[in-house]
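Both of the next two complexes hold subunit A, though its partner changes from subunit B to subunit C.
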Partner chain A sequence: MSTAERTTYDGGTRHKAAPAPSAQTGTVQPRKRRGVNREGLEAGRRGTRTLLWILLAAAMVLYGFPFLYLLFTSFKTPIDTIAVPPTILPREWTLENYANALGRNGVPASFINSIQTAVISTLLSLVLAVPAAYGITRYKTLSGRIFIMAALVTRMVPPVAIGIPLASMMASMGLADTPIALSIAHTTISLPLSIWLMSSFFEAVPKDLEEAATVDGCSRLGALWRVVIPVVSGGVAVTAIFAFLASWNEFLFALLMTAIRSQTTPVVIANFQTQFGLDWGSMTALAAVYSIPVILLTLLLQRKIVAGMTLGAVKG
Partner chain B sequence: MSTRKFINRLAIGGICTAVALVASGCGAGGPAATSGSAGTNTVNVLVEAGGHAELTGVAEQCKKEAGVDVNFVELPYDGMFNRLSSEFSSGNVSFDVAALDSVWLPSFKDAVQPIDELFTDEAKKDIFPALVKEANVDGHFIGMPAWTNAEIILYRKDLFEDAKNKADFKARYGYDLAAPTTWKQYQDISAFFTKDGMFGTDVKGGVETEWLAHVLQAGSPMVLDANNKVVIDNAAHKEALDFYTSLVKDAPSGAAQVDWAAAQNLFNQGKTAMTRFWAHAYRQIPKDSPVAGKVGAAPMIAGSAGIGGVPGPWYLTVPKATKNADAAKKFVKCAYDYNDKGIESNLGLAARISAFEKYQDMPGYESFKPLIETLNGKATATRPATEKWQQIVDTVLVPMLQKAVAGGDSATLLADAKKQIEDLLK
Partner chain C sequence: MRISDRRFALFLMTPAALFLAVFVAFPLFRLVADSFFKISPIAGGPREFVGLDNYVRAFASEAFTGAGWRTLAYTLVVVTLEFALGLGMALLFTMLGRSSQIWRTVFMYPLMIAPIVAGLLWKFLMIDNFGLIGTLLHQAGILSDPNQIGWLSDPNIVLFSVAIPDIWLTTSFMCLVLFAGLQNIPGDLIEAARLDGARAPALLFRIILPLLRPVIAVALVVRGIDAARAFDTILIQTNGGPQSASETMSLLIYRTMIRFGDPGLASAMGTIYLLAMLAIAFFAVATIWRPGKDT
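Our next item is the complex of A and B:
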């Protein structure tokens, strides 16, 4: 495209760009160099965009492939699941694995247990993390800073080290094999990071907002409930999802603390691997079904999550 | 309804549900898993996921005959040891009977109670000798074998019966192609079938039991002698290791990473002509496998000390901490009395000789005769009774085998292993 023919956009109206007249000769001099730069710039942008798309596609394949492979395996016949070399797509599609997995004793009950445990653990985390994080960020005391650091230290202890004593404690309190015991255990995982997350969200809320609320007659707790929490609702959603997922996918505590009545689905999924063989088809089918609720929950709260993620970005 | 309203309602619903559940404090799986009260006829049985099916038939029969109700607590193998350790150490158990892998018996011997009264003379005669010996710890029987297994030879009957293969084999080796009865034959057959993308056998670098069976066949106790002295560097261990690695050239590549699952897959996919594998695998060949209906079974091959295999039994034990020992023992007795019920399960195994013999001539159970012969083998022996055994396996034996199949010097590796094991046992 020549410089004379180059087009510009002006308020959405496309028209030919008028070449500027030369001061010395009065003739129209094409702005060659500028045109070349803009074309180069456009080409550069296109190249960058293409590269970004390629990187994005590569990242999606990297992260998405294991899940897709799991999904495809769940539709394979028994011999197909153990093919050497492995195939990605099923040679023959079957729903038999889903029937086997969902028809297995204890599977529906384990789903209910997982939901029960994750909901209780999420609520516990939020109920404890929100006031803790608010107190730490608003009062900024030395003990608050020590507390928040100490909370993080608990994350550095391997879960197996506290799992066995925790299981014994629950048993001695008569809570053995109950969703409550498991929820409390899961809260020990999610609470520290929930406090950290909520602290960063509260930091982003200007104090003026609360002061305005107190001027209007709100107590501090009233300001927290009526003004601050609605502002950080995206952050609360992010924290809730984090806590829910931490409990939903947790395996070790569930293994140590549950038996007949509160066994969660991750343990049931693991039970497809036995000392005498691995039932890949049923295992992947149950894992695929188990991932549906969290995918739905994430999609449902997507807008809140994005709002929560960007909350800290407007701080200042 | 707007998304916001929907989310709000969802959250309120979730909170109400959670509050209701917290208030009820119950799970959805059924009755509480605490050890039953004294005198009740309900027992909780802790079992590895694969073994659950084995005991289902027994449980049904036990309910009918002895009036004992059974709840199974099913756990994956990898987490079961931790769970058992946790509950036994707390003294508060959620089960009345625990099915223990034989390698765990020494670790939990002090947490389970003797069941000597169940080991009558008649029972001792009907259980394989190696298992009777293993169940007896410090002078008391502490576990009743519920099912057992051992490695046998599985081979491709269709390839062995093929006329061209037979003729070619005879021309090359000077004797008839048949299921191997000597290790020399096993080597020859492995070499013969290693062609056209197929392999004669597999070599498992990721598991130790198979090499240990060769050690027994060569006439030595496995790793430790009767006095717990480390003998892993003796001539029998070296001979066994050299033989083991000699098969690498006729096996699929990556032997160091091949474990049970990989070897079973390779055989079921038709990639190997023979495998030394646990007997239960014979009945677990998928119906749509290219080798389904084409597999033969033979006993483990004898070495200079005779046929030797490493049994893989599971024992039913009664924890000292259970409040329901009477019903628990009734269930263990049922498991012995109706031991053959396990054979009709997916796994298809038992522990009593009479149970295997009842099925050995039935179609579909062709692996039982070789299994019985292997379990009764002169050199067959159980693993050393030390609490450190699993640690020895994981940290010394398997890494050593992986180096050996990758070309390491056997004498050096065995000497290093001896030192490491001695350090572990200090």
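Our next item is the complex of A and C:
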């Protein structure tokens, strides 16, 4: 027992006094280390590792299978799609479902709506969140602390509760059934998240940086724009991806606030179910077309995204 | 003249604060205000002040209390399973170390999929007759008939079936957050415990989990809030059915507002729902997180 030195653990979060293992005695030695548990938890023995790899393989197959099945189904013929009993692989590979889905009225337009809405919402989120997060982290005022708490509470508001009042507000502003109205609604979801993320990124920028810039004659706004933002450009990119995804995948606001003109693809996918009976083939094809670009995009940018996702919770 | 730093900070925050005030706080205010009125569903229709009548009606209706319990059960199921699976995967990735990096990335992919697509996909897997899961279980000899389990048509189990896409979608998030937390545990602490003869369960329950506590708290609260608001996946799979057996609070409010055309009652339900979520979230943060207190 005495060989163990007591270590207080920072937990990566702001509060101190995370519980240390109670059985240990010795001197308190606060410190912070990262990526040091390779010798700790990482399995060493070859037999154990083989077993772990087998477990991982099983988990990955189970986890990946549902989406692969969606892809396989989208290449089946429309009749085979609902064959009893179902087969995993298509008996005959065809693009028929894709042709049906993409050729359907309103589908291409819904893609344009989805892109428009997500782009407007992303820009709006960034324009509002970047200065706000900077104001919160750099000046640490009471109003800033209150604001970031308020932004967190906004996360708890169920969209179904504000969707209808929001829709009637948009209608009275003459924005009913437009991508702008929907992107504003989506920004109510992505803005608190963006502020939270950007605050973590600004936290990491040394204060001397813009102090030097202001001494050189830059205004504070100029320092933010020309010195600080270029430094956190990676963080801005991550925040942009999150805001884009939040809008791209959103369904409830889109259902409540769009009619025909500004319908986004998720609403169209859901409508397949009622309007055209059960056209599973077209539905799987459209779902695949809608999902694959974002999956590829995020896999390409995965390192940054992982950083962004864990930042909020772990450094919170 | 240079304005003070405090003013400048305020100036930077104002646009975002105004946006949230206009597009979140104001609709919320409208929601609460509407909950005291009997409102005709037709736009511009008559409004009549009825005091707390909508609240009385909400609490008296079986649909509302039922949806409340179902939402709670759904949230607990989703969060518990996600946490168990996410922790398992995070430990697996940690024990495999750096060589598992590419699989960590692949494991993340469901996070990018729209909930509506996930709901649809799982509906397709679980649906009666041509659903693949029943067929595979039948071929494996576990079920005598592919339709023996009515995943989405049996009112007794449907609430668990509709939770599956949600769990599938966001176990990755749990895993990511817990994995990041695990990387912050000093390796020599684990070594020391091992030298002291701690076995795997003791290592997990006495050392790893207590150290992860703050991270776990954040992950559970974030996911709990999301699960309690679940709408897309359930709507597309069952639309709350059969016999309202999978109707959670979001769906009930939606149907009360749109289908039954009773915005006043729906607003009262929404207000209660929001207050309950806030109360539970604060309670959860206070008990699980316990900032500043020792175990």
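As a working rule, the second predicted complex is superposed on the first by the 220 of 316 C-alpha atoms of A that agree within 3 Å, B and C clash if a C-alpha of one lies under 4 Å from a C-alpha of the other, contacts with A are read in each partner's own complex, and residues count from 1 in each chain.
By our rule, a residue touches a chain if its C-beta (ideal position, glycine included) is under 8 Å from a C-beta of that chain, and two chains touch if they have at least 3 such contacts.
Just so it is clear, the model here is predicted, and its values are computed rather than measured.
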### Task
Could you say whether A:66 touches subunit B, subunit C, both of them, or neither, answering first, second, both or neither?
second
### Task
Would you sort A:178 into first (subunit B), second (subunit C), both or neither based on which partner it touches?
first
### Query
Does the superposition put A:261 against subunit B (first), subunit C (second), both, or neither?
first
### Query
Who does A:53 touch here: subunit B (first), subunit C (second), both, or neither?
second
### Message
Contact-wise, after the overlay, does A:193 reach subunit B, subunit C, both or neither (first, second, both, neither)?
### Response
neither
### Query
When the two structures are overlaid on chain A, which partner does A:238 contact: first (subunit B), second (subunit C), both, or neither?
neither
### Task
Check the residue A:160 against both partner chains and state whether it touches subunit B (first), subunit C (second), both, or neither.
both
### Task
Return first, second, both or neither, reflecting whether A:40 touches subunit B, subunit C, both chains, or no partner chain.
second
### Task
Go through the superposed model and pick first if A:79 touches only subunit B, second if only subunit C, both, or neither.
first
### Residue contacts on subunit A - larger count, subunit B or subunit C
C
### Query
Can you pull the subunit A residues that subunit B and subunit C both touch?
82-84, 160, 164, 168, 252, 270, 273
### Message
Going by the contact rule set out above, which residues of subunit B touch subunit A in the complex?
### Response
3, 7, 10, 14-15, 17-18, 21-22, 25-34, 44, 46, 48-51, 71-79, 82-83, 85-87, 89-90, 92, 94-95, 101, 261, 264-266, 268-269, 271, 278, 280-281, 284, 286-290, 347
#### Entry: Of subunit A, residues touching subunit B in the complex
77-79, 82-84, 106, 108-110, 112-113, 116, 119-120, 123, 160, 163-164, 167-168, 171-172, 176-180, 252, 255-256, 258-263, 267, 270-278, 300-301, 303-304
#### Entry: Residues of subunit C touching subunit A in the complex
5-6, 8-13, 15-17, 19-20, 23-24, 26-28, 30-31, 34, 43, 89, 91-98, 100, 103-117, 120-122, 124-125, 129-132, 135, 138-139, 146, 168, 173, 176-177, 179-193, 195-196, 206-207, 210-215, 218-219, 222, 225, 228-229, 231-232, 235-236, 249-250, 253-254, 257, 263, 266, 270-271, 273-274, 277-278, 281, 289, 291-295
### Task
Enumerate the contact residues on subunit A facing subunit C in the complex.
1, 3-5, 7, 9-13, 15-19, 21-24, 31, 33-43, 48-49, 52-53, 55-56, 59-60, 63-64, 66-67, 69-70, 73, 82-86, 88, 127-129, 131-132, 134-136, 138-139, 141, 143-144, 147, 150-151, 153-162, 164-166, 168-169, 184-185, 187-188, 191-192, 195, 220, 245, 248-249, 251-252, 266, 269-270, 273, 280, 283-284, 287, 290-291, 294-295, 297-299, 302, 305-306, 309-310, 312-314, 316
